[in-house]
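In what follows, subunit A forms one complex with subunit B and a second complex with subunit C.
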Partner chain A sequence: MARLNLWRWAVLAFAGVYFLVPLAASVIFTVDVPGEGITFDAYGEIVGADGFLPGLVLSLELGAATIAVVLLLMVPAMVALRLGAPRLRPIVEVICSLPLVVPPIAFVAGISTVLKWGPEHLSRTPLFQTFVAIQNPDFPVVLVLAYVVMALPFVHRALDAGLRAIDVRTLVEAARSCGASPVQALVTAVLPNLRGALLNASFLTLALVLGEFTVAQILGYQPFAVWIYSVGGSQAQLSVAVSVLSLLVTWALLLALAGLGGRSRTAPRG
Partner chain B sequence: MTATLTRVDVAPAASVKRRRRAPGWLAVLPLLAFVAVAFGVPALAMLNGAFTVKDQATGATSYTTANLTDSLQGAYFTALIGSVKLSAVSALLATVLGLLLAQAVVTSRFRALREAVLTASGVLANFGGVPLAFAFVATLGNSGVLTRHLGLTDKGWSLYSFWGLVIVYLYFLIPLMVLTITPALDGLRSQWREAARNNGATNVQYWQHVGLPVLLPSLLGGFVLLFGSAFAAYATAAAMVGSSVPLVTLQIADAISGNVLVGQENVALALSLDMVLIAGLVMAVYLPLQRRSARWLA
Partner chain C sequence: MTATTLEKASTSDNAATVEFRGLRREFGPTVALDGLDLTVRPGELLALLGPSGCGKTTALRMLAGFEHPDSGEVLVDGEDITHVPAHRRDAGMVFQSYSLFPHLSVLDNVAFGLRMRKVRTSERRARAAELLDLVGLADKGERFPHQLSGGQQQRVALARALALRPRVLLLDEPLSALDAKVRLNLREEIRRLQQELGITTLFVTHDQEEALSMADRVAVMRSGRLEQCAAPAELYGRPATAFVAEFVGTMSRIPGHLSDGSVEVLGQRLPVDGAAPDAVEVDVLVRPEAVRVEADAEGDARVVATAFLGAVTRITVRLMDGTEVKADLPVHEAGPLGAGAAVRVSLPERAVLVAERANRQ
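The block that comes next holds the complex of A and B.
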């Protein structure tokens, strides 16, 4: 038994060192600048840094738009699949897993090919205006389209788990026999019971969009993650400071999610 | 008038059923249409582009397999093999280390330790991309904290290498493995171990004949999942090594943006197709394994 415990503590100690040292070293790197001593300038500079606020705002806007679109598409579809159309269920499951088979870099290679059709083939058709509009640098809709596709597997899994836990059919039938329209039944009876799953899906989507780099960089936009990358070359301290902060924010988001999820799971029973 | 009323009264069940079935299709339709446009069109464009070349002089396009042949030759092939090797090595290490960590946590008496490790794994498994690369550059890069204080450069250490990338990838792959394998370890019932012990089995025999065979589908499934995750990773490598380690994702990015050679866009599409085929193979292995392991955990 003693040997077993020794083995366990060795593994845990090794893991602790491996996972904590880079975090600690990053913090030390940002505050202990060679030649300057201990300074917290890197953290003070973040807000005023060139491109930080536009990048963060763009990322948050993209996140909000992606969450809205993906939930509007997925929630009615998943609820409808629970109520009927069992033959469609595996089709939707496969469609929502397809983005896992296409790595982001391959996906964006396809997107950039399609976007090139605009100037090459479609310049005299009305579609051309659509191509220009979705690539508007102030709010690139094309990124929302890509992120919605990339979020489908996570949102599908989260909603599926949520819907499994409640009896959708009974809820909808009860609401309908009280005179609710199908939309009313969805909004007032089903959605409140799905609060945990909806939050889960939203947080995962937000984390995906905030950290997404590949698609945005290849298509030439500069949301948060691409901005960190671009300052990395010139302002090492600043870029590491932002990285540390972004990890802390993600941590806070996911802990909040765990807390909310735990409460919403116990709430209906109480 | 009376006739319609009685019909509604007599057959409410049928009408409810009909009403229910129609919205089923209608509610799924927007999703299908969206995926067809946002995912289907780029995917078909990739497939089409991978098999076409454009004559620079005449502008005419023709169908060919030259792009695919190119993507499996020279620097592109080296990059493809480099990616497969990096993903396989990091996934294998992460599988072993993740299993050890998960087992240490699952068999622990401290409930708080288990909760803390699982929560941290959930966060760290999502901590990829650029911030991760910069955290490691600050730690083990050329002017990183550990590199400076331990004088690692003199000992031949470089983060911007194959093994450097492995160390960085393990940072999100081990937590992913812990999350994947913990349910399977929870499913190993203590009765099985007791039964084996009562029949005179040693610890090693228990693992050899009971533990590992039950865990094997989950372990393989986890390995395949980690492989796919490492294989698709681009941001971390791009932010860290530039192009000093040949990786297929970096080659695709260079070829799309025309960084190295002009007119390589279609080879990039062929490389993307190679990646999709490998990732598809990975999923084809993963799904049946996951189903098999689910049987033991029920």
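The block that comes next holds the complex of A and C.
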């Protein structure tokens, strides 16, 4: 037993060093300016930095839109799959896992080819305007579409785990026999019991969108991750400070999520 | 814990008649319902009894609106509801598995249907409290389903099913997940509530004891068809078919010869009850309580096993030809009959049920 404990501590210590040393180095790099001593100027500069706010806002907007689209797509689909066609489940699982296998670089290469090819061939049809609209730099819908695809594996897994934990069919039928229409049954009987799964899926999607670089960079937009990279070239300290900050924000979100999920069982309701 | 007179009046007045007409349903290669015809009378509790896969649950779910027949129709009070969606059917249902909404308190679970009907909050809470009182859980309203025992959860489910004053109550093996003691209590309570409210009730079960003890009539089903629908005593005493005879209660088969409308069995000649099959080699079907076993050193039958059942001892006897017969004897008579004892088996001088001889392995 004692030996086992020792091993556990050793592994924990190693993992701690592995994760914390680079993090600590980053923090020290941002606060310890040569010749000035300890200063938090780098963090103060973030807010005022050129392009910080638009980048963050764009990323959050993209995140919100992606979450909305992917949940609206997946929740009814997964519930319908459970109720109506359980035999199709493995097929959907494979399809939803594909984005994990296809590297983002290949994915974006495909997208940019289509974006170039589309307007040329469709220039005389109304679809031409569609191609223009989805590439609107103020709100690039094409990124939302790409992120929805990239978030599929995570959302699918989170929802599948959530649906596994409840007896969807019985809940829906119980609600229906109490006079609920199919949509009411979904909203009032199934969704509240998927709260944890929905939060999980949303969080994973948000984390993915906030950190996504490849697709946005290659398609030429500048959300948060791309901004961090571009700022890194000129202001190294600032860019690391932003990284540390975004890590902390992500942690805060994760803790908030754990808190919400943990309370869902006992939360009293009217 | 009694239903208010007002409630009773409101439901028993419009107790509904339910009719299944020629219901047919196939799931791929399996036929779940093969032309089911059945009528449930107003205010009665009808048990659908049968082995698993006989289509009893499918029939119930068709009445609830969760399954749709390939052909045939479902009528409530003469009105065809085959194509009415489940949520407009006015049928309360209790499920086999615990079906309470885990995110809602017990009171909100019971009030769920009223919420769907847009009943005002104060009104629906009052009504839900009344129903919880009815099932004896008035003090558990603020609990959550996972804080209740299985039996309590099914009581809440019953209260929820009754909340909308449905015209039909559907019970899909509601007791099968509970342990024996709770099952007995709840069985009595469901029956009491059903009679007080006078609500037409369909009860699916594979437990014949449950069906016989609770129901006004029992419908025995077999591979998608109705075998017999009769009051419990009639079903037990005068089963219409060999299948019903053997499914309901315990039956032993004793080989006999059929001739001139009577049957020769165990050296006795007995009249045949009901229609005789068109065969000479037949089996006589006998209940354990109708078989006489006497110790007889000359007897050619041997006791194989005995099982003490409380009031009676069930004795398994092997006849000379290898047939095993079960007999129930008062405990004091069975005392000297241990395994291996030589006995003589006889039947009372009464008409007996006869079936075509079953193939023996």
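Keep this in mind: the second predicted complex is superposed on the first by the 249 of 270 C-alpha atoms of A that agree within 3 Å, B and C clash if a C-alpha of one lies under 4 Å from a C-alpha of the other, contacts with A are read in each partner's own complex, and residues count from 1 in each chain.
Quick note on the criterion: contacts are C-beta pairs under 8 Å (C-beta built on N, C-alpha and C of every residue); 3 or more make two chains touch, one makes a residue touch a chain.
Computed from a predicted structure; not experimentally measured.
Chemist: Quick one: classify A:64 as touching subunit B (first), subunit C (second), both or neither.
Modeler: neither
Chemist: Touching A:73, do we find subunit B (first), subunit C (second), both, or neither?
Modeler: Touch partner of A:73: subunit B, not subunit C.
Chemist: Is A:184 in contact with subunit B, with subunit C, with both, or with neither (first, second, both, neither)?
Modeler: Only subunit C is touched by A:184; subunit B is not.
Chemist: Who does A:166 touch here: subunit B (first), subunit C (second), both, or neither?
Modeler: second
Chemist: When the two structures are laid over each other on chain A, which of subunit B and subunit C touches more residues of subunit A?
Modeler: Tallying touched residues of subunit A, the top partner is B.
Chemist: Does subunit B (first) or subunit C (second) touch A:192, or do both, or does neither?
Modeler: Once the two structures are laid over each other on A, A:192 reaches subunit C alone.
Chemist: Using the superposition on chain A described above, determine whether A:49 touches subunit B (first), subunit C (second), both, or neither.
Modeler: neither
Chemist: Touch check for A:134: first (subunit B), second (subunit C), both, or neither?
Modeler: After superposing on A, A:134 lies clear of both subunit B and subunit C.
Chemist: In the superposed arrangement, does A:174 touch subunit B (first), subunit C (second), both or neither?
Modeler: Second partner only.
Chemist: On subunit A, what residues does subunit B touch that subunit C touches as well?
Modeler: Looking at subunit A, the two contact sets intersect at 182.
Chemist: How about subunit C: which of its residues touch subunit A in the complex?
Modeler: Those in contact with subunit A are residues 64-66, 85-89, 91-93, 95, 97, 99-105, 108, 112-113, 115-117, 142, 144, 146, 157, 160-161, 163-164, 170.
Chemist: Show me the residue ranges of subunit A that touch subunit C in the complex, using the header's touch definition.
Modeler: For this pair, the touching residues of subunit A are 166-167, 170-171, 173-182, 184-185, 188-189, 192-193, 195, 264-266, 268-270.
Chemist: Enumerate the contact residues on subunit A facing subunit B in the complex.
Modeler: Touch residues, subunit A against subunit B: 7-8, 11-12, 15, 18-19, 21-23, 25-26, 28-30, 32, 34, 72-74, 76-77, 79-81, 83-85, 88, 92, 95, 97-114, 117, 145-146, 148-149, 152, 182, 207, 211-214, 217-218, 225, 228-229, 232, 236, 239-240, 242-244, 246-247, 250-251, 254-255, 258.
Chemist: For a test of understanding, state which residues of subunit B touch subunit A in their complex under the given definition.
Modeler: Touching subunit A from subunit B are residues 20-21, 23-28, 30-32, 34-35, 37-39, 41-46, 49, 97, 100-101, 104-105, 107-108, 113, 119-120, 122-124, 126-132, 134-140, 143-146, 148, 170-171, 174, 228, 231-232, 234-235, 238-239, 249, 252-253, 256-257, 265, 268-269, 272-273, 275-276, 279-280, 283.
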